[in-house]
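Here come two complexes built around chain A, the first alongside chain B, the second alongside chain C.
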Partner chain A sequence: MTETVKIKVDGRELEAPKGKLLIEVCLENGIDIPNFCYYPDLTPQAACRMCLVRIERMPKLATSCTVQVQDGMVVTTQSEEVLEARKGMLDLILGNHPLDCPICDKGGQCELQDQVFAHGTVYGRYEVKKNDTREWRLSPFIAYDPQRCVRCYRCIRVCDEVMDVHALGRIFRGAKEVIGPYGIDKGYSLDCEQCGYCVEVCPVGALLSVDSRFRSRPWDMRETITTCQHCADGCQMRLGTRGSQYVRVASKDLKGINGEFLCIKGRYGSSYISSEERLDNPYLRKDGKLVEVGWEEAIKYVAARLKAISAEDRDAVAVLGSPRLTNEAAFALASFARKGLKTSNYGQIADVDLTRFFANLTAPLATHAEVKKAETIFMLGGDPTENNPLSAMVIRYAVRKNGARLLMVNSRRTKIARRQAEMFLHIRRGAEPAVLAALIDSDENAARYAELAKVKPEQLRRLGKAISDSKRLLVVIGPEVNGATLEVAARFAALLKSDSREVKYLILPPYNNSVGTLDMGLRPNGHELKSLFGTKIKALYLAGSNPVEQYGNSWKEALSKLDLLVVADLFMTETAQLADVVFPVNSFAELDGTYTNAVGQVQRVNRALEGTGRTRPDWMIINMLAKEMGLEFGARGSAASIFRDIASEIPAYSGISYDRLRKEWAIQTERKISTTAEQPDALLSALKGEIAKIDLSLDLDREPVRQGSGLFRLGTLTSRVAVMREAFKAKEQVEEATGVR
Partner chain B sequence: MFSPQTEAKIDALIAKYPYKRSAILPIIHLAQLEQGKVTEEAIHYIADRLDLEPVEVYEVVTFYSMYFMEEIGKYHLQVCRTLSCMLCGAEEITAHLEKKLGIKPGQVTPDGRFRLSEVECLGSCATAPVMQVNFDYYENLTPEKVDEILKNLP
Partner chain C sequence: MSIISDVVETVKAITTGLKITFSYIPRQKLTNCYPDEPVEVFSAYRGEHYLNVDENGKERCVACFLCSAACPADAIYIEAAEDLRPYEERSSVEERYAKVYNIDYGKCILCGFCVEACPKDAIRHGHNFEMAVTNFSDLIKDKEYLLKNRERESRLPVVIIDEVKRRGLSK
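This part shows the complex of A and B:
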């Protein structure tokens, strides 16, 4: 435990852990200290000198963002002297500031405005002409106006320290200094993850998001806190809307699981909700062509066809959801299939079968906050930098802030492997089961496993030793770990946990609600059911999935064998184009609901937009169909009431309610942890089959994973995001033309 | 990337400091000396050698006024413009050079022979006005003396 010290601030006695930054102690105790360059968790910079305070027995005013509290410190934060000094700093900052607040996107949410307002008149002692500089377009996503910049370097530090991208620097010097990428004056743009974190931390309107520039003033839009619908990390974000339109996503002052972090998809990947391409009416195929029809006609048609097909054989109707649906939609879909249609053919299309993981779980899931505090991290596969960016951020945090040991096993040279890993076992693709077996089996077989994985036996031994040396172990399992290997990975913790060692898991599934939809009863059996299309299965109701785009021709062919294909989606996707009926659904912005993220936390999706009134939430379409078919499955009239059913029927969700979620934001579901003692031999024999599948002819994949290979990949949603499509389609074309990736 | 001699000097500089990055300033000078300017290839190479990001080397190159990413010119005429020199006629010297060479400070003559710069105190105030040509000082200047100096440059 750190020692507690007593300090006195403006006459108030405060207690704080010794060594904590003075500014943090003050802010936490409600003593306001102005600041620009201070930002939680970044290294102190002391560039702006707005946080000056008087500390007794110090010769000069001190920057409270760099001073660590000591016992007996006596501090004055409000005095003529201090205020004058701060005003002087504001004067310097305003010397070159254009004061173009009336056309600044940040106006009303600007820390400089706030400070000038709070300090009253500044002197305006600079009479020379202001430094006139142009705006730079740093990338298709990020613009920079040097005149507004207060040179606090939050942007550079957040990119260096939190993102580990190091894309920004201070270019030139003195009054000419600008923030920018390498070669900014030569026309090079930001070669980075385009996460926009630098934009978020910028206290003023210097760094701005291109997609929302000049679209709305902060007070002129409505901000709704909701959950990102892209990956399974489940970041919280502020969705800004104006009238019926998307404006922007921001994360300022958020206190959710991600703080102010968002990745490119979270920050810039939601404008599709206002895309022109959104479906607005149901479509029905007439004379071979999909034509717009009213809801009544579409529902009647589907109900009649489903009824007829189901009457012959209940299992001839299949229902498939997607890992993108809300829990409420997935629950309604599963109930409709199971209790309404009484078909056994329902589930979802997904690549990783997490059911095997959860059924065999021997240790709890760690939250992102717990990952930050991890001591030893063992990663078996996975590339969170590209696919689960918040997870990557917290893993980096654990290494950077707490010196966590990162032990990485991966078939690809991922960025984390190259930069954060203390130990990196670069293995043959598909050799994860061999590594797992080596960790379980006795040492005499090390050489064989090493050969299978194409590593040295010594490396496997060192990995085993580092794991057994750990006190708090986090086991991270990538999405390439599947089948029996995944099951063994879930049972693996049983061999490791002890009174002196705590073990937790982190998984990296690809979609926002991979875990929740599974909990709701949508098993990942889509690919199996596909083989029955046209034979056993005649009709398919497909919600929120675009397998033709994702998996290509095999799905196209299979779907064409069906007598009836009904698709519920936002767009006329490649899959929807094959359908007999297409239902237009509400986007996550037009919905109430919940998602369950990869660490099992339930978080709210809050309705931000009314929608056109012609689209429907998935669960409502199900209700309409069931009603028309005369089926009873326990339909509910609102997302909130569906969630009450979820809480009462699914044990992990019991006790969770919208009310509690409003207050607590993220509530972790409780997973069943198996307590049976595991035998190494049983695990080893479970791995046998998987080990036999390792392709020994494969060489190591030596290419480093390219920045953006996952982040910039366009899918059904992101290809309808204008900035992303323009930025990355062009890039893909260049790559295709030149063959350079 | 560089001549064996320069590479050897770079190796020695890197070995000299407890942190590699500390060697950045002299290494950029070496690169500039050999290639006549700081090239982008050099920046990437230096970043690589010092475990830095290219933008971090770029920051340093653009910060200091004695590094050039464009051609320096065969002779870099650096006229001091700080107080003592200014009082003793530095402005006249600069004006004379501007007229004679047809360029302004910051520019290079079309034949690449001369670059004209105004610099801050060269630490030779007692012999003001002063001009530094590449690494050599010329003192107590007059326009006539300047003509003489330029004429005698090889």
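This part shows the complex of A and C:
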């Protein structure tokens, strides 16, 4: 336990843990100290010298962002001397800062503007000519204006420490110093994850997003806090809109699960909501061609056809959702299928069957905040850097700040394995069950499992020892762990749990609501149902999925065998083009709802845009269909009332309401944890089949995972985002030039 | 009181009043015979706005949105855009310019806050007061119209009085 010390700031007695930075203590106690280069969790820099304070018995003014509090410290933050020093520092910064605030996108929420208003002088004392440099485009996403830069190095430190990308550096020296990739003057561009964190932390308008350039000003747009709809981490973000148009995504000063962190998709991947390609009216196939029709006609047509097909055989109608739907839409869809159509063929199209994981769970899921405090992390598969960037960030944080041991088992050389892992077992593809079995089984069989996984037996032993040595263990399970292996991985914790060891889980599912839609009753059985198309199943209602784009021709053939295909989607996707009827739906920005992220936290999706009025939320389309067909399934008229049904019907969600979500932001659902004592033999026999499937002819995949292989992938949504297309094109060009994929 | 004193008092009062009336007849007339004659307005009159240009005819506006932020009637709508061509080729002073600049004179109260807020001297009040239209939507004036307003200034049916000179305040 760290001892607390007593300090005196401006006559106020304060208590703080010893060794904490003085500026943090002051800011937490409401004492304002202006700063540029200080940023929570980053290493102190003391570059801007705005946070100067007078500390008694120190010869000169001291920078409070580097001074650690000591017992009996007496600090003055408001004396004439300090205020004069602040004025002087601002004068120096403004000496080279252009006064182009009317043009600068940061104008209105600029820290330099605020500081000058609060602490600066009206007239600068410097009359020398300012450095005249042009603006650089560091990447398709990021523009840099060296003239506006105040050299606080927040961007460099956040890129180095939080993102571990190291794309930015200081180029040139003295007054000519600029921030950028090495070779910036030769036109080199940023080779990074394009997360835009540097733009977010920039206190001035030196680094700006190209995406939202000149679109609006901070006071002129409406900002709605909502949940990101890309990966399963469920980051909170602030969606800025102006009129009916998307403007930008920001995360400054947010206090959600992700703080101010967002990845490329979170920050730049939402502009599709204002895409020209968005469907605006229902489409109905007439004489082989899809033509725009009114809602009434489309609903009447679908209702009549579904009724006729359902009357012959109830199971001939299938309903498939998508892991991108909100909980409310998924719940309505599942209820409609189960209680309305009374069909047994409903679910979602997904690759990972997480039902087996949740049914056998033996330890709770860790929240991202808990991951940050982890002591030992055992990662079985998964590449969070590319697919779940927030999970990657918190794992990096645990390693960087708390010195967590990262034990990694993966078939690919992921970035986290190359840079953060203390121990990395590079295994054969698909050999995860062998590693798991080695950890469960006795030492005698280590050689056999090592052979299967193509590692040394000694490595497996060291891994086992590191796990048994741990006090607080976090087990991270990647999406390549599937089937029986996933089930055993969920039961695995029961063997490790003890009074002296706490075990928690973190899973890395691929979609924003993979967990939530599962909870709502959409089982991941899409691929099984596909084989029944044309034979047992005659009609399909497909909400929000684009399997033709994702899985290719096998789905295209299967879908063409159907008598009736109804698709509800945002765009005229490859799948929608095969449909008989297409319904236009509201995007996540135009509806209210909730998502459940990978760690089981329920978070709100808030309506930011009005929409055109001709699109509908998914659950409303279901209601309209059910009404036309004369079916009763407990339809509700609003997202909030659907969520009340969810809370009363699904045990994990009981007690959660929109009111509580508004106050608490993220509420973790309580999962049923099995307490039965697991026997190692039972687990091993469950793994037997999976171990037999390991392809021993496969060699190790030695190629490192390239940056952007997951982040810059273009899907149905991201291919409608202009800057994402550019990032993808740039990545293609690099790959073509280097020949490395 | 006798009837005679009544008559005398009444005549006295009428004469006093008429004296003022007749004293004004030989003086200068204040009413204008608009539209036959031009109207006198002061130089600081807040008429219909015009968008200013620099000495080379480039638009001064950088679409900073400050005028629309200052507008109490929410009458100004702007959309900004970027023009990366060199100064000689583009139509604006800076790279940032207003793609759309609309003032809704159905809302505008001609208070002049926008002119005060403008950091680039891009918007000013003209002296035009003839803003009546027969169609409500014609009250919304776009950028092209507002830019031409500057040229229209010389053709307006107004005589601009320089208040400073008239009062002899100039140095």
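Convention: the second predicted complex is superposed on the first by the 727 of 741 C-alpha atoms of A that agree within 3 Å, B and C clash if a C-alpha of one lies under 4 Å from a C-alpha of the other, contacts with A are read in each partner's own complex, and residues count from 1 in each chain.
As a convention for this text, a contact is a pair of C-beta atoms (placed from the backbone, for glycine too) under 8 Å apart; a residue touches a chain by one contact, two chains touch by 3 or more.
Everything quoted here is computed from the prediction, not taken from an experiment.
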Open item on the list: If we overlay the two complexes on their shared chain A, which of chain B and chain C does A:P102 touch? Say first, second, both or neither.
Closed with: second
TODO: Classify the contacts of A:G169 with the two partner chains as first (chain B alone), second (chain C alone), both, or neither.
DONE: first
TODO: Based on the superposed arrangement, let me know which partner A:D220 touches: chain B (first), chain C (second), both, or neither?
DONE: second
TODO: Answer with first, second, both or neither: which of chain B and chain C does A:G347 touch in the superposed model?
DONE: neither
- [ ] Would you tell me the residues on chain A in contact with chain B in one complex that are also in contact with chain C in the other?
- [x] none
Task: Complex contact set, residues of chain A against chain B - done: 166-173, 181-183, 185
Task: chain A-facing residues of chain B, complex - done: 40, 43, 53-56, 58-59, 62-64
Task: Contact set on chain C toward chain A in their complex - done: 62-66, 68-69, 80-82, 94-96, 119-120
Task: For the chain A and chain C complex, residues of the former touching the latter - done: 100-103, 107, 213-217, 219-220
